[in-house]
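Here's the structure we're looking at; comments come further down.
By letter and in written order, the chains are A, B and C; residue numbering begins at 1 in each of them.
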Amino acid sequence: MRLFPKEIDFFELFDKASRNLINASRSLLELLEKFTDIENRVESIHRLEKEGDLITHETIRRLNKTFLTPLDREDIHALACRLDDILDLIWAAADRINLFKIESQIDGAVELAKSLKEHTEVIHRAIQELKKKRYSMVQDLCIEINRLENEADRIFRDAIGRMFENEKDPINIIKWKEILEHLENATDRCEDVANILEGIVLKHA
Amino acid sequence: MRLFPKEIDFFELFDKASRNLINASRSLLELLEKFTDIENRVESIHRLEKEGDLITHETIRRLNKTFLTPLDREDIHALACRLDDILDLIWAAADRINLFKIESQIDGAVELAKSLKEHTEVIHRAIQELKKKRYSMVQDLCIEINRLENEADRIFRDAIGRMFENEKDPINIIKWKEILEHLENATDRCEDVANILEGIVLKHA
Amino acid sequence: MRLFPKEIDFFELFDKASRNLINASRSLLELLEKFTDIENRVESIHRLEKEGDLITHETIRRLNKTFLTPLDREDIHALACRLDDILDLIWAAADRINLFKIESQIDGAVELAKSLKEHTEVIHRAIQELKKKRYSMVQDLCIEINRLENEADRIFRDAIGRMFENEKDPINIIKWKEILEHLENATDRCEDVANILEGIVLKHA
């Protein structure tokens, strides 16, 4: 008989959530790179977003039902919510491309989506290392997320600066500004995830 | 002598807060439907917003003074804050109509305000059922809020899509985009309330 | 041997964080008043923002390492995060002036920055009084922050109203609307700080 029968479940759920996140960020990058077949690509990201909702909901449900948890309750809750936030923002960015009937690329959007994809890949690895209790690896990966987020911030600011220089149609500015902001907010939430993971590691070190 | 002398108070405060919320959302709907006498209507929503602030403040004050609470402290705190957020967003939407000197309606705004009003009515009923410990009723009402929020999301996206198709004045787009976003954020916060209520029910089930 | 060896540290860190915040808000006010040498001024605010990040990080790190804390853990965490939020928003406002290549002032921006500077000065004093356990002084200063925030809200709304009346270039509206919103959000986060401080006082009263 195991003392912590539920222990493995939360890590499995986080593993699933972060894999799903990678799929979404890869689909978004492809959408922005190819800029064809937009409606179908957006719809497939929507499916991943709904899948993520189910995983988040299941995580919160189990958390509310479980007395003993492998991590602090608030950390499990915060991690599940922030992973879901990232996915929501990826979906929001994709959705707006469709909703705003965006017809052409803007400088910097692909680069930002590429960076976001890298963020999600590192988050996934960090969660796997956390499960294996390899805390110093988790810490290294969190530092890597912080580095990526600084880089993404630079990419975002450059893209915004160039847009205001080159784009003269205010309606296009309104549209792309929102999309770029969703992407940048997604990388901010990735940094939140890194902070939560770092906090967990510090408590166990 | 009662063991939990304060127990009933929190429910009374939540009852008051959610009644106040219904009044605000009804006033906002009327404002958008009639589009006359705007300044007075906005001012009356402002009064409700200030009334809500007092209720929230009183809730937090009692929470900080009370050792034994009928619900988890963090749930009481989160519920009070999210109800206040909804009210703030209703007020923000009303205020912008006045501040931006909006002169004509936009397609979808009334429909979204109607949905928001329905959200607040269901929240009020859910809080009443929670007080009576009729947990399965609370759960049903939370599912209803989730359904309403999905519907509101569709209404919002349709309204934004049509606005970008039909409205050619970028300044009008800036103004109405903000107002529609406040309404949509309000329904998002309603969903947060549903999640908090669901969490409470799960702990007591 | 002291029982609470770490007690003094958190107050010192909050003292440092709020001093740093004053420096940032003063620099922002000067930037908006003088509107010369913009790049250098923005860069010096960036340095303060990075300094603030280090202080926040150190606070969270010690919190995670300390078993006994002079205040509730969640209050220390919330206070550190909200102080950092204010600084981030000051930095965001300054950064946008540079990034958007803003060339001329807008009515109300200086007044709002002046109010924000006053907010940060009162926060600093409230933190000093909290350390000295002079709780009724803390409460008075929190009331003062609430008063300032109401005033800032009025300044912000007036500035937005006048901008939409006078400015006809939608791209300028997009730019200044974002900057004014960052300033106004910063004062909102100051009010959050006041609420946290009031909560702490109520627990100790």
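Assume a residue touches a chain if its C-beta (ideal position, glycine included) is under 8 Å from a C-beta of that chain, and two chains touch if they have at least 3 such contacts.
Just so it is clear, the structure is predicted and the values come from calculations on it, not from any experiment.
**Q** Considering only which chains touch which, label the overall pattern as line, ring, star, complete or other.
**A** Graph shape, chains as nodes and touching pairs as edges: complete.
**Q** Check the residue numbers that chain A and chain B use where they touch, and answer same if over half are used by both copies, otherwise different.
**A** Mostly different residues form this interface, as fewer than half of the numbers used are common to both chains.
**Q** Could you tell me the distance, in whole angstrom, between the mean C-alpha positions of chain A and chain B?
**A** From the centre of chain A to the centre of chain B is 28 Å.
**Q** Note the residues in chain A that touch 2 or more other chains, in rising order.
**A** Within chain A, the residues that touch at least two other chains are 170, 174.
**Q** What residues of chain C sit close enough to touch chain B in their complex?
**A** Chain C reaches chain B through residues 157, 160-161, 164-165, 170, 173-174, 177, 195, 199, 202-203.
**Q** Show me the residue ranges of chain A that touch chain B in the complex, using the header's touch definition.
**A** Residues 60-61, 64-65, 95, 99-101, 170-171, 174-175.
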